[in-house]
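Please find one structure pasted underneath; my questions will follow.
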Amino acid sequence: MAQTRSGSKLLWDVISYAVLVLLALVCVFPIIWTFLTSIKVEEDIVTREMVYFPTRFTFDWYVRLWSQSGYPVLVMNSLMVTSLTVLICLLTGTIASYAFSRFHFPGRTQLMLGYLVVRMFPAVLMIIPLFIVMRQVGLLDSTHGLAIAYTSFLLPLFVWMLKGFFDAAPKELESAARIDGSTRLGAMFRIVIPIARNGLVATCVFVAIAAWNEYLFALMLTTSQGSRTWPVGLQLMVGEFQLPWGMLAAGGMISILPVIVLFAIVQRVMVAGITAGAVKG
Amino acid sequence: MSRAAYPPPRTIWDGINPIRMIGELSETRYWMYLLLLPSAMLITAVVLYPTVYGMQMSFREMRLNRPDLGTDWVLFKHYARMLADPIFWTSLRNTAVWVTSSIALEFLIGLIAALALNRNLPGTKLLAVLILLPYFLPNVVAGHMWALMLDPRMGVINDLLVKTGLLVGYKAWFADPATAMAAAIIVETWHSFPFFTLLIMAGLKGIPADLYKAADIDGAGALAQLRLITLPMLKTIIAAAVILRVIGLVNSPDLLLILTSGGPGRSTQVLSLYAFQMAYKDFNFGYAGALSVVMFVLLMLFAWAYIRLSKVNQD
Amino acid sequence: MTIRFDRRSMLKLGGGALAASALLPRTAFAQSTSINYWHTFTSQSEQAGLDSVMALFKAAHPDISVTPENIPNPEFMAKITAAVVSGSRPNVTMVSSERFRDLLAMGALVDMTDRVASWERRSDFDNSRFDSISLDGKVYGVPGFAFVDWMYYRKDWFDEAGIAVPTTWAELRDAAIKRSDPAKGRYGFGLRGGPGGQNIIINMMEAFGSPVLHADGSIGLDRDKAIAAVDFFAGLLVKDGAAPPSAANDGFRQIIEGFQTGQTAMIYHHTGSYQDIASKLKPGVEFGTMAIPAGPGARVARLAYAYNTITKEEGADAAWEWIKFWGEPDAAVAFLEKTGYFPASTVAAQDQRIIGNPMYAAAADTLAFGIPQPSFPGAAGWAESSVLPNFQRVLIGEATAEQAVDDMIAGLAEAIA
């Protein structure tokens, strides 16, 4: 019996490796190709015969992109919008999600669905009225205004997702703390949130990514270079598909850069969260 | 009120200490509503007016480039037009194909990747980073990367397929209705399946290892464990992920806007794109509003039915 | 009779006084005027052209700083709509003729009749240059530069095969078929069936004798002639095999790259892409330029202008300086040399640097017979959301020319209803 068990484990290990390597290749290939394109000279890109490896290396595309796009400003704007969005979600969404997870009260289901319904109205048509509101309160064309607009559809995502993680956190520890005389507030911050930390980080990552990548709202709610985000800046440069491929590829590569930095940081926190969870388990 | 559970204030500081005050509040029966208040207020402030405004537009004549027509109420004129509009029906069908195929592929690949990664085999941490990478790219970047790779003249995918003998000559993927939608779905899947991987991975960490040990002892195989333990335990997370992703796919025209603009012909025209074009190319905000309301209602129906069927709210 | 000081006349008086006071201290405040300029330039050569005009302007008007905001064509109408609805418009906006009526109807444009009438360079421009930016005797903009339709062809291939430069669409079709060799991946004509192709299709219909609207604003599309046009044009791909199979998704980038890499022998565009082509192929040797051929009904080559318009009362004086500057011959020629776009000013177009260059002869000829694009509210939307997709349906074999034209006519009826 033990023999077959370890035999099947080995089989699944092999399958896992195969699947993961294949997926990783599929995921990374476009990025590698983009990188290769970004260091090719124009003659190697616009050509009749496919050139796989550059005959001549060039960093010209990066230099031109840097000088034309105002990349540092755009990325700073994106970072600003993203962190503001995450912050607002953390402050208001965590407690809401906790309430949905831990309490059964009249109107709970309806309210939860209400949060979801908010996300459902098409952005295409919310933009014009939102534009008018933002202008009235003086938040148009500002990173703050954009972050608040993002919150409107990312907060429900945050709440719904986090509720799943709160649900998964065992209720016994909390009850124990309550018996020991802790208030609900104390139990929430000292027991439940630390246990669900793992999920909290994952949820924040999702919201951050969604805010970082968002295009339609950012396009419509910002006008000047001073508040434009990176995806919009890049797309506007691409314009009617007229940007040279090499420069476009360079743009793709440097939009991965901040993401990798963020990922390196988050990965640490996530691993820490996971090990903490393992101790608990 | 259950305030008695809390010791009475002893000093003046206790009387004004904000944490203590909130702590006391947390013992009242309004506590959950207080917790919900900030987020509910924020959402209402930002969403309510635009949504109501958008909905009332659908019952008005509203063509920005035709001020001569005025902005009178027209009741259900736009909805009536929609029923007779073949482009609407095409878009509806395409939306169904676009959303169901993308969701199915994304969920399946996302689940497989998460299960494989959750085995914590040595060296898979790096693979995890690589697999999650596409999700971190903006739609705009992902769209253009694939547009380059699928280009009918200098696309590397064409070249690879021709060199390996799978294809006779370069193919114009986005100029053929038979492949345009499929190519767009592949790009979308590539970009978004890590959403499911990330969520499911996080969910898997929350399943107690004892359950699997018990199942092992009972002699349940890997597939049985998946069916009997993993999927049921992940129910809430999967349900939330599917609903959120469906909403995203139905409402966001970004990727198709970059890859095909709905073409060739109307073969990749979806509702969100149609509403976008109606509003910002034809300036017919009334009709665009009606299209949006229909999308909204369809999403509501879907969410309601899905939550009913998956019984996620009965925990 | 008593003088009635009603609200309206008070406002008028007050407005006049305000306008006068705005003029007076102009020199004192001029130091700090800054305006923003929304434009639709995107290609590298266009960007370079704008940079050189801005550098010249800066030297001439150190007191005005211009902040350009690049809004590419696909996003342009969405952005300007949002800006108009919410009242956050730019000072100066570049408006192409097909968008004029939509923007005017939205109330985005400021009346410039008086400014234009008293402009010292007004006589440099033919009256017709202002046709596509005027309505009911009011002028709303000044042409910055011209879009002159023409074609590029592979001179070396034509010479080698002894093919004459076509002057009619029928001749072009013959030449395209002769130069096509699908087995080698060569095609005679780079058909633009993707983004931006809609205008060429409309031109074809008009060349076959079927204008979009009659002068009185009623539908001018003649079903039979329009069908013949669509059948002929799509036929270049579906019947003759003389266009790349990717045509249904080929936009600007694709037709240019197809021509640059030697996939296609002829493409239809305007002079604005001249420098892009010349950067890859040798002018006069590898490629030549030719005027748009004549159709059975008419010879249709568009002569359109990019107009600069004032879109905000605030800072209008500084905006006017910037708009006028595009009419200076030095600025116009500097722009041409970086891009290939023709000057809108008749005087600037006579500059030796232009008439001395044989490659520009086809464009100079076109100035004589080129006609403006059809312009009515909803024109751009109809072209993009009805003409183009219906034409694509013919290209991919999903519809016949008859079905496509019927849908286009129905779409037009809806747009002007």
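Letters A, B and C mark the chains as written, and numbering starts fresh at 1 in each.
Just so it is clear, contacts are C-beta pairs under 8 Å (C-beta built on N, C-alpha and C of every residue); 3 or more make two chains touch, one makes a residue touch a chain.
Values in this document were obtained by computation on a predicted structure and should not be read as measured data.
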Chain contact graph, described as a line, ring, star, complete graph or other shape = complete
Winner on C-beta contact pairs when A-C is weighed against A-B = A-B
Key: Distance between the centres, which are taken as Cα means, of subunit C and subunit A, whole angstrom   = 40
Key: Whole-Å gap between the CA centroids of subunit A and subunit B   = 13
Task = Any chance you could list the residues of subunit C touching two or more other chains?
result = 74, 78, 81, 85, 185, 195, 254, 257, 261, 263
Contacts with 2+ other chains: residues of subunit B = 154, 276, 279
Query = Where in subunit A do residues touch two or more other chains at once?
reply = 46-47, 127-128, 235, 238, 241
Note = Given the complex, residues on subunit C that touch subunit B span 74, 77-78, 81, 84-85, 101-102, 105-107, 185, 193-195, 244-250, 254, 257-258, 261, 263, 377-378, 380-382, 384-385, 388-390, 392-393, 395-396, 398-399, 415
Subunit B contact footprint on subunit A (complex, rising order) = 5, 8, 12-13, 15-17, 19-21, 23-24, 26-28, 30-31, 33-34, 37, 45-47, 50, 52, 88, 91-93, 95-96, 98-100, 102-103, 105, 109, 111-113, 115-130, 133, 148-149, 151-153, 155-157, 159-161, 163-165, 167-169, 181, 183-186, 188, 198-199, 202, 205-206, 209, 212-213, 215-216, 230-231, 234-235, 238, 241, 245, 248-249, 251-252, 255-256, 259, 262-263, 267, 274, 277, 281
Ask   = So in the complex, which bits of subunit A are touching subunit C?
value = 46-48, 68, 127-128, 131-132, 134-135, 140-141, 219-220, 223-225, 235-244
Key: subunit A-facing residues of subunit B, complex   = 5-6, 19, 22-27, 31-33, 35-36, 38-40, 42-43, 46-47, 49-51, 53-54, 57, 109, 112-113, 115-117, 119, 121, 124, 127, 129-142, 144-149, 154, 156, 159, 190, 194-195, 198-199, 202-203, 205-206, 208-209, 216, 221-222, 236-237, 240-241, 243-244, 247, 250-254, 258, 272, 275-276, 279, 285, 288-289, 292, 295-296, 299-300, 303-304, 307, 313, 315
Query = What residues of subunit B sit close enough to touch subunit C in their complex?
reply = 64-67, 151-154, 169-170, 172, 174-177, 180, 257, 260-267, 269, 276-283
